[in-house]
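There's a structure below that I have some questions on.
Letters A, B, C, D and E mark the chains as written, and numbering starts fresh at 1 in each.
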Amino acid sequence: MYNNLQTFLLLAALLFAIGLYGVLARRSLIAVLISVELMLNAASINFMAFNRFLIPEPAVGQIITLFIMAVAAAEAAIALSIIIAVYRKLKSINVEHVNELRG
Amino acid sequence: MAMQFSDTTFLACLVTSILPILSFGLIMIFTRENPKLSLAISLTASTIPLILAWGLLYKYWGIQEPLVYNLRWLYSDIVKIPFGFLLDPTSLLMLTIVATVSWLVQVYSIGYMGGDPGFGRFYAFLSLFAFSMLTLSISSGLLQLYICWELVGLASYLLIGFWYEKFSASEAGKKAFVVTRFGDVGFFMGLAFLTIYYGNLEIQQVNSAAVAQAMPAWLITTAALLIFCGVMGKSAQFPIHVWLPDAMEGPTPVSALLHSATMVAAGVYLIARIYPFFSASPEAMTVALAIGTITLLLSSTIGMVASDIKQVWAYSTVSQLGFMIMGLAAGSFFAGYYHLTTHAAFKALLFLCSGVFIHHFGTNDFFIMAANGARKLKIPMVTITIAALALAGIFPLAGFFSKEGILGALAHLDNKIWLFAGLFGAFLTAYYSFRVIFVMLFPREPIFQIAAAHSHAEEAHGSHGHGHGHEHEEEHGVPWVMNLPLLILAFFTLTLGFLQGALEQFLTGHAGHHEISIPLLVSAVGAALAGIGLAWLDWGAKNAKCVGFLSRVPALENFFIQKWYMDHFWRWFLNTFIYGLFSKWFTYNDRRVVDGGVDAVAFSTVGSGRYLSRYQTALLQVNLLFMVLVMAGVGLYLVMGR
Amino acid sequence: MAEHLTNFPYLTCMVLSPVIGIAIILFLKEEQKFLIRAVSLVSAGISLGFSIYTFVAYDRALGGLQFVEKYEWVKGFGISYFVGVDGLNAPLLLLTGIVIFTGVLTMWELELRVKEYFAFMLFLVTGVFGVFMSMDMFFFFLFYEIAVVPMYVLILIWGSTRKEYAAMKLTLYLMAGSGLIIPGLLLLYATSGLYTFDLLKLHGVHFSPWVQKLTFVLLLFGFGVLAAMWPFHTWSPVGHVAAPTAVSMLHAGVLMKLGSYGILRIPMYLCPEGFQYWSSLFGLLAICGIVYGVFVGLAQTDLKYVIGYSSVSHMGIVALGLATGTVDGLNGSVFQMFAHGIMTALFFSAVGYIYDRTHTREIHELGGFCKIMPVASAFFITAALCGAGVPGFASFWAELLVFIAAVRVFGIGGLIALASIVVGALFALRVVQNSFYNEPNPKFTHLEDVSPFLGLPRMILIATLILFGIFPSLMLDLIKTAVVPFISGL
Amino acid sequence: MSELFSLAGLSFLLVVGMTLGGAFIAVGARNIFHNVLGLALSLFGVAGIFLYLNSPFLAMMEILIYVGAICIAICFAIMLSEPLYRPRPPRKPIKLLGAAVGAGLVFVVFAALVKKTAWVPAAMRSDDWSVTTIGHYLLTRYALIFEAISLILLVAMLGAIVNAKNGRGREES
Amino acid sequence: MKAVALFLPELYFLLMALVLFFCSLRRQTEPSKDFRLFLAMSAGGILVGALSLFQQGSLFFASYQVDLFSQVFKLALAGGVFLVALICHRLPGVEDRFHAEFYLFLTTCTVGMMMLVSAVELLTIYISLELASYSLYILIPMRQGDGIDVEAGVKYLFIGAVSSCFMLFGLSYLFGATHSTYLVDILPKMPALLASPVGLLGLILSLAGFFFKLSLFPIHFWAPDVYQGGANQLVAYIATASKVAAVAILLRFAALGSSYGYSFAQILVFLSIVSMTLGNLVAIIQKDFKRMLAYSSIAHAGYILMGVLTLSESGYTSVIYYAVAYLIMNFTCFMVLSEVADDGRDLQIAEFAGLYHRSPLLALALMMGLFSLAGVPPSIGFTGKLLIFTSAMNQGYFWLVLIGAVNGTISLYYYLRVVYAAYFMDPGDLPKVVPSPAIRWTTYALILIIIGFGVFPMHVVDLARTAVKFVLYT
C-alpha cells in the first residue's frame, strides 16, 4: 500500500480537499491560513510521491518541496502580518466582517 | 448628332422648349423682385415659341412622315431616356394650342396680376409651366413625356398655391399635387411595365408595335390601363377629379391656362398621342369610355347647382374632358382631339371672361356679379355668351362641330346607351352654362335677393373670392391687355368650327366625309336647345322663380350640392386609412415595437450587468466557492468527458 | 478590375487635407475663431477640389480603378494601404467634398467651442473620405469607425433635444453594427486562404456558399444599421433631431451612405451567391423601409423628425436599388446616394437656419415662412420637392431607375414601394404647407432672411441638385463604368 | 493486504491517520488553538509520509520549518489578534454545505484523475537520494531560485514589518 | 561576462531594490528624494531594457531563457515601471515614511515578473510568480485608508493563495506525468498524454496561477476589490505592468497545449467568452472609476485569451501587440485618475465632471485612453483588437469573434459614460487640475503613441512577430 503511488496521490487530494473545505468554511482568517497551509502540504505530498515513484532524478522533487516550504513560510509571515493589520483596523479577524467591497 | 444642330426645325424645337425654362431660371434667381424685367423676360420667352410654333405648324401642314430628333439624355441599361422631339400633326397642333393659350394668358395676366407682390414669381411659374407643357407636347419618348408631365404637375402646384398665405389655396395646391400624383404613379407603373417587357418607349415605336401586335395583349391592356390612371389624374376623371374644382383657388389666368385649356388636356392628349397603342386594347377602351361617361354626367350635375362662377366652369371642364375621353374611347381619334382643340379655345375664353368679372367685382359669386351689373361690361359679356353658346354646342360655333363629331362616334357604337348618355350630357351642359349666362345677362328680382344672401354669407366667412379685390380699378374699366386675349379667343371660337375638314385632313391624313346623320343632328341640337330652354324658364324668363328645376327633388339637389360626396369620401379615406390606420399604426409600431425593442435590449443589458454584479459579493469565501466550483466543473468536464 | 496607378497622390491628399486642418486648428487658440473657420474652410475646400478633380479627370473610357495608390502596411497580416477611384465611389467622394464644404460654411456663425467643433468635424470627414476610397478592408473598417465615433461628441456638445439619449443611442447602435461587420470581414479574410484584406484580390476568390451567406447577412445588417435599413433605423430620426445642423447634414448626407456603400462594396462585391440568397430579404426590408418611412413621417410634428423619416424612406430606395442587383438598379442606387446626400444636406441646412432663428421646429408653430424668409423657405421647398421626386432634380432620375428595376425584379413589392411615393408627396407637401405657407406666425415676423453669404452653401447644394438633375449623364456615365463590370461579375 | 499489518504498514496507517486527523482538527475545531494543534499534528503526519517517501531530510525540514516556525508564528498572531473569549456566532449550515460540496467536487476530480491516469515511471531512474545531491543541485541548477527564495523571504520580512508598523503607527496617531 | 549581459535587466532591478532598501533604512523620511531616485533609476531601467533587447541565450542550466520574446516583455515592464514612477510624484495614498518601501516592493515585484517572463522551468516560474505576488500582497494594505485597503489585501492574498495552490497541484501533475520540470522537455511529452485527462487538466490547473494575475474568469474576484482598495499608483502598476508579465508567461505556457488542439482551446474559449461578457456587463453599472476599470480589465483578459487560444503565430503576435497596447492605454487612464485624485482618494465617475474645463489636456488623454480601450480608431487599442480578432478568425473561431465584437459595443457604453462626464457634465465646484510639466509631456507622448502606433503598427507587429518565434515551438 505504501508502495503504491495512488495511495499517496489520493491522500494528497484528500488533504487538499480538507484544506479547501477549511478555506471555504472557516470564519477566522487565521483558520483560513491554516487551511491554506494544509493545501500547500498536499501539493508537497504530490511532488514527493511523484518523486518517489516516477521521476528519474529524486533530488528534484525534494528540492521543489523544500522550496514550497520556504514559500509557505514567507506566505505565512505576510498573511499573518496582514491579518494583524486587519485586526487593528477592523477589530475583528472574522472573514465575514471584511465586507465593505462589493458589486 | 452634330447633324441635328444644323437642322433649323430641330433648332426651332429646341428653342421652343428651352427658352421658357431659361426664363424661369433667370426670373427665380435674379429678377424675382423686379416685375418689369421679369415680365419682359417671360414675355420674350413665350412670344418666340409662339411664333416658332405657328411657323412649324405652317411649315409642316400636311406632313406625312413624322420627324424625330433625339439627344442622348440618360442611358442606363434598360432604361434609356433620350431628350427628343417628335413632330407629327398630333404634336404640332398641340404645340400650337399650348403656345397660343399660354401666350394669351401671359398677356392677360399683365392686367390681372398687375400690382401683385408676387408678380415676378408668377411669371416664373408660368414660364416653368410653358416649358413643361411645350416639351410635353413634342416629346419623342414616353419617359420624357412623363417627366414633363410631372413638371406640369409641379407648375400647377406652385400656381394653385400661388397665394400661399391663404389656407384654402395652399391646401388646394397640395391636394392637386397629391391627387394627380396618385394617377401619375399608375402612369409610371405602366411605363415600367412597358420598359421591362417591351424595352422601348419611343412613342412611334410603341404605337407601331401595338398596331403590329408585336406586344403581348396582356401587356397592352395592363400598360394602357395603368397609363390611363395618369390620364384620369391629370384630366380629372372620376373618381379622382376632386382636385380640379379646388384648383380654382389659383389666380384666374391660371385656371384658364392650366385647368381648362392645356394642362388638363394633357391627359386627353396623351391618349391621342399613343392612340394606336390604346386602341389596340378593347378592354382599356371600354374602361375609358365608362369613366368618361360617368365623369361627364357627374360633373354636369354638380355644375347645375354651383354658385361660384369658376366652380361652374371647373365642373364644366371636368365634364367636357370626360366627353373628349368618350370620343376617343368610342374609337374616333379625330373627334376627341378636335373637341380638345375647340374646348381649349372656348373654355379659356370662358375663364378669362370670368376673370374679368372677378377682377372687376372682387367676388366669385355670379349672383353677386349679376346684382352688381355684370352686363355693363360689354366685351366680356359678349364673349362669354359666345363661349357659352359654343360650350352648349350651338351652330355655327366651334363646340357644335366637335360635339357633333363625338356624338357621331358614339352613335357608331353597338350599345346605344353611350349615345344617350352623351346626349343627356349635352342637355345638362347647355342648362348649366346658360344658367350662368341668363343670370348675369338678365338679372331678375329674385337674383338680387340671392345675391344679398350670398354676400352676407361671404362676409360671415370673412373671405373674398379673389383675395385681391382690385376695386380701385373699377373706374378704369377693363384694361386692353385683358380684352385683347378675349377677342382673339372669341375669334377662334367662332372660326375653328369651319376648319374641321382641314384639321381632319391634317390630323388623320384623309378628308372627313361625314354622311350627315339627320336624326343625330336633330337630337343633338334638340338636347342643347332643350337645355337652354329649361335654363330660360328657370332663370331667364320675366317671371322666372330663379330656382333650379332640381329644387323639386331636394334630396337630389343636396346630393349634387355636396358634389356627390366625393370630397367627403376622399377626406374620409385619407383620415381613416392613410392618417388613421397606416400612419398612426406605423408610428405606434415604430415607437413601441421597433424602438422599444432596441431600448429593451439596452435595458436588459444593463439589467443583466446589475444581476451579474450580485455574484461579486463582499464575502471572500462565497467568491472563492464560486471560483472553486467553476474550476471543479471544468475539471469534471475534462475528467469525465474523456 | 483594372488598376491604374497614379503619379501624384491625389487621394491621399484628399484624405490628409482635413487631418492637416485638424493639426493646424489644434495649435490655434479658441479665441481665433475666424482663423479656425478659415482653416477648416480651406482644408475642406482643398478636399473638395481634389474630389472634383478626380470626378472630372476620371477617364470614363478607360474605366476600372484609377488614381490608385498602394503600399504595404502590415505585411504579416496582409494589410495594405490601397486607395483608388472608380465609378462607384467617385460620386460619393464628390458628395463628401460638397457636403463638408457647405457644412463648414453653414456653421460659420457657430460661437460655442468653435475649435473643437471644426476639429471633430474634419476628423469625421477624414473617416468618410477614407471609407469611400479604401480598397482594403482593414482600412475600410478603420476609416468607418473613425467616421462614426465623432458623432457622439458632436451631438453631445452642440446638439439639442434629448441629446444625451440620442448620442448614446446612435453611437451604441452604430457600434453594434460594427460588431457585426468585424466578424463578417474577418470571415472573408480567414476563409479566403490568401490572408489579405485587399478587396480586389479577394474578389478573385470563390468563397464557399455558406461563407457567402453568413458573411452577406452579417455585413448586410452591420452596414444596414448605418444605412438606416428598416428595422434598424430608429437611431436615425432621434440622432438627426439631436444633432447640430452641419452634423445632421454630414450625417444624413454622407455618413448614412457609408452603410449602403459598404453593402455595395464588400458583401455584394465579394459574396455574389450570398447576395442571391438574401436578395429577397434585402429587397423586402428596403421596401418596408420605404413604405414605413413615409407613413411614420406623415405623423411627425417636428421638422427634423420628418426629414429623418424621409431619410429612412430614401435610404430604403438606395437599398432597394442595390437589392435588385441589376445595372439599372445599381446605377440608380449610387445616383440616389449622391442625390439624397445633397438633398438631405439642403434640407437640414434650411431647417437649421430656421431653427437657429426661431428655436422651434414644431411644424404647427411655424407657418407662413415664405413671407418671413422667402429665401430660406425656397431652400426648404426645393429640398421638399426634390424629396417628393419632382423631375429636374437629381434624385428623380435615381428613383426612376431604381423603381423600374424594382418592379422588374420584385414585382408586386416594387409596385408597393412605388405607390408609396404618393404618400411621400403628401408627406413633403404637408410640411411645406403647414410651415411655409398660410398666414405668418406673428411671433417670427421680425426675423431676418438668409444673408447672401449664408445662402451660398445652400445655393451650391441646389445648383448641384439641378445640374445633375438636368444633365444626369454627367453622373450616370461615370457610375456605369463601374456598375456594368460589377454586375457582370456578380 | 498482509503488508498492512506489518509494522511498516501499521505505522503508515498511523501516519496517514495523524495527517488526516490533524487536518480534520485543523479545519473542524472551533477553538483556534485546537486548529493550530491540529495543524501541527497533521504536519507531523506529513513528515512521516515524507519518511515513507524516502526522504528523511525533507521530513526533518518539514518539522523544523512548519511545526517549528509556522505554527509558532500562527500562535503569536492569534495572541496578537482576536481575544479568545469573544462569543462566536453560530455556524451557517449552508455555507458549510457549500464548502463541502466545493471541496468534495475538487476531490472527486483529483481522485478520478489519479484513477484514470496511467502513471508511467521514467525509463531510467537514478537512486541518488543523498542530501549531498540536493545541496549540489541547490547551488547549481537551482541557484537562481535559491537566490529568489531569499529575496522572497526578505520581502516577506520587510513586508511583515511594514504592515505591522503601519497598523501600530496608525493606532498611535 | 556574457551571463551578466544576459541577466542585466534583472540585475539592474535587483540593484535598484538594494538601493531602495538602503533608502528605507534611513532614519528621517525624505519622500521627494526617494521619488527622484526611483524615477531616475526606473528611467535607467528602460535604457537597460532597451540595451539588452536583442540579447539571446540561456542561463542557470537552461532554466532561464533570454530571447527576444522575454526581452520585449522586460522592456515593456521597465517601461511600465517608469510610467508608474512618473505618477508617483505625489503619493498621497501612502504615508511619507513608507515611500521608500513602496518603491522597494514595486521593484522586487518587477524583478519577479522579469524572472517570470524568462523562466522556462516550472519551479522557477512558480517562485518568480510568488515573488511578484508577495510584493503586491504587501503593497496593497500599505495604503492609508478606512479599512478597505486591508480588506482588499486580505482578499487578494487568499484568492492568490488558493489559486497558487491549484497551480501547484497542476504543476505537480504535469511533473508527474512528464517527469520533468523543463518546458522544453515537457512539450514533446504532451502528445503522449492525449489519452488521459492528466495533461490537459494539469495544464489548465497550472494556468490558474496566471489567470489569477490576468484577472480572468473565474479567478477574477479580487480585481474589483483590489483596484478599489489599493493606492491609485499601485493599482496603475497592477493594471498595467503585472498584466503584461502574466500575458508573457501565459503565452509561453499555453504553447504546451498546442498538441491538444481544440480540446484545449475550447476550455479557453469558454473562459474567454464568459470573462469578457461578464466583465463588460458588470462594468456598466459601476460608479467607482477604478472598479469600472477592474471589470474592464476582466473583459480585456478575455480578449487577450482569445488571441492566446489560437496557439498560432499571428495570434501570439497580436497578443503581444495588444498587451503592450493595453499597458499604454490603461496607464493613460490611471495617470489621469491619479492626477485628478490628487489626495489619493477613490474617484467616482461623477467626479470627472467637467474635466474638460478643469484640464483639457487630461480630458483629452482620458478620452483617448478610454476610446482606445473600447477599440475605437485610430488608436492602438483598435488595431490590437482587430489583429486579435483576425487571428482568432483565422483559426476558425467565428462565434468567439462575433461575441467579442458585440462585447466591444457593450464596453463602449461605459467608457462613453466616463467621456460624457469628463466632457459634458457641469464641473460644479470641483477644483481645477493642473498637471506638472512632466505629466504634460508624458500625456503628449502617450497620446502620440496611442495614435501613432495605432495607425502605424507595422514596426511593433514585426518585432512581436520575430519574438513569437521563440515561444511557439511548433
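Assume a contact is a pair of C-beta atoms (placed from the backbone, for glycine too) under 8 Å apart; a residue touches a chain by one contact, two chains touch by 3 or more.
As the structure is a prediction and not an experimental result, all values here were calculated from the model.
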Both-way neighbours, i.e. chains that touch chain E and touch chain A: B, D
Chain hops separating chain B from chain A, counting only touching neighbours: 1
A-D or C-E, whichever has more C-beta pairs in contact: A-D
Of all other chains, the one whose Cα centre sits farthest from chain B: D
Interchain centroid distance [CA atoms averaged], chain C/chain E, Å: 42
Inter-chain centre distance, chain D versus chain E - centres from mean C-alpha coordinates, in Å: 31
Where chain B and chain E are represented by their mean Cα positions, the distance between them in whole Å: 77
Rounded Å distance between chain B and chain C, as computed from the means of their C-alpha atoms: 37
Overlap residues in chain C, where contacts from two or more other chains coincide: 172
Residues of chain D engaged with two or more neighbouring chains: 95, 98-99, 102-103, 106, 109-110, 112-113, 116, 119, 122, 142, 145, 149, 152, 155-156, 159, 163, 166, 170
Multi-chain contact residues (two or more partners), chain A: 16, 19-20, 23-25, 49, 54-56, 60, 63, 67, 71, 74-75, 78, 81-83, 85, 89, 95, 98-101, 103
In contact (per the touch rule at the top): chain pairs: A-B, A-D, A-E, B-C, B-D, B-E, C-E, D-E
Residue numbers on chain B that touch chain D, as the complex places them: 621-622, 625, 628-629, 631-633, 635-636, 639-640
Complex contacts: residues of chain B adjacent to chain A: 613-614, 616-621, 624-625, 628
Complex contact set, residues of chain D against chain E: 109-110, 112-113, 116-119, 122, 140-145, 148-149, 151-152, 155-156, 158-159, 162-163, 166, 169-170
Contacting residues of chain B [partner chain C, same complex]: 72-79, 143, 147-148, 150-151, 154, 157, 161, 164-167, 169-171, 173-174, 177-178, 181-182, 185, 188-189, 191-193, 195-196, 578-579, 582-584, 586-587, 590, 594-595, 597-598, 602
Residues of chain A touching chain B in the complex: 20, 23-25, 95-96, 98-103
